[in-house]
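Following are the structures in question.
Next come two complexes, and both contain subunit A; in the first it sits with subunit B, in the second with subunit C.
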Partner chain A sequence: MARINNQIRRLRFDHGEMTQEELAHRAGCTRQTIIALEQGKYLPSIELAFKIARAFGVALEEVFQYEA
Partner chain B sequence: MSFKTFTRIRIFLLIIMVGLTSWAIVSGNAWIPVPVIIAAVILMMLLRRRVKEVVADERVYSIAEKASLVAFRIFGIAAAIIGVTLVAIGWQSASDLYKIGLTLAYSACGLLVIYYIAYIYYNRKYSGKK
Partner chain C sequence: MAPLQKRAWWGLGLGLAFAIAFVLVFILMGGIESFDSDQGFRIIVDVLWVGALAMNLVIFNLSLRRVTVDERDKMIMGRAPRIQWLAVVFTLAAWVIALNEVYQSTGLVPAVYLYVVFMSVLIVSTLAYSLGILIGYWRASRNG
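Up next is the complex of A and B:
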């Protein structure tokens, strides 16, 4: 089964221990969505994925990895 | 306004609305809840605009879509089966069961019509057809 992993938790800590609240604010979503993403319970839309990557200032592939 | 404050006000309004509606129905003033509900909905919309945080995002909408589909299926199937059964039971006597059954059956039909109109609209909107 195809799976999309993400590095949100690691990137948050790499960016000065950014809080979930702050990331949510920057990406324009709720904190609950960030929690769900970190736990791998929710897959974001392409738009939200780009917003999260932009919030960290990195490429999309650095945040999300597709494993076939 | 923070989301927490908004949630508190929303719960408070809901309690007032439910209480007032219950009281109005019990006391026989069935028209009182109508302006109360309209006022509460307008107030909620105005308050929602004042919330600085994100109240609902794509995950919330995705959950709402799934919940709506489940509710639609359950209500549609249940209303159709119960409605037709009640119509069949009360057919001869034209009793209240017949009327309830007919209302349920028509509700199921109405729901299906709304669903298919909405489906056609969104299918056209997101298929690139003009």
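Up next is the complex of A and C:
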């Protein structure tokens, strides 16, 4: 099965220890969705993935990596 | 806990309260026989099912407008009607079997049961929707 990894947790800490709540607010989702994403239990839509990348000010590929 | 999950717990709790009240009213006020003749009884029951419907509307429509409901919540909410559909089908099946067993010999089912079946299905449906959302969150937290 294809896997999509993410660097959300690391990026939060790299961005001044941004809280899950703050990231959720910036990306327009709930804190529970950020928790699920960090635990690899939820795959976001393309739109949410872009919003998260934009919240960090980085490219999409820096947040999400596809591993076949 | 996500805002939608919190509301589903409220929906389940209040839905159960309405269901218990519904059963208690029927037991305490003389059962289906007096339902036909007692207007006060009918008004209480009407208040209960309209109340359950209004509660559902407030919890899952009006109050959700003020909080964040994201794509994951919407996905879980979109899957809840599967549980709701199953619960409604099982409730209807239980009613059909019970009424058939009780009234088969006479060949006539009192028309008042149509009303009772409708109200019970409505309450079960609102309960099952909340339950479906909670099951959705539980499954999402286990398997993703």
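Annotations for the structure displayed:
Keep this in mind: the second predicted complex is superposed on the first by the 68 of 68 C-alpha atoms of A that agree within 3 Å, B and C clash if a C-alpha of one lies under 4 Å from a C-alpha of the other, contacts with A are read in each partner's own complex, and residues count from 1 in each chain.
Throughout what follows, a contact is a pair of C-beta atoms (placed from the backbone, for glycine too) under 8 Å apart; a residue touches a chain by one contact, two chains touch by 3 or more.
Just so you know, these numbers come straight off a predicted model, no measurement behind them.
Partners subunit B and subunit C, brought together by superposition on subunit A, clash.
The contact surfaces that subunit B and subunit C form on subunit A in the two complexes overlap at residues 24, 28-30, 32-33, 36, 42, 44-45, 47-48. Those residues of subunit A lying in contact with subunit B across their complex are 24-25, 28-30, 32-33, 36, 42, 44-45, 47-48. On the side of subunit A, the complex with subunit C involves touching residues 24, 28-30, 32-33, 36, 39-45, 47-48. On the side of subunit B, the complex with subunit A involves touching residues 53-60, 62.
Those residues of subunit C that touch subunit A in the complex are listed here as 1-3, 5, 68-73, 140-141, 143-144.
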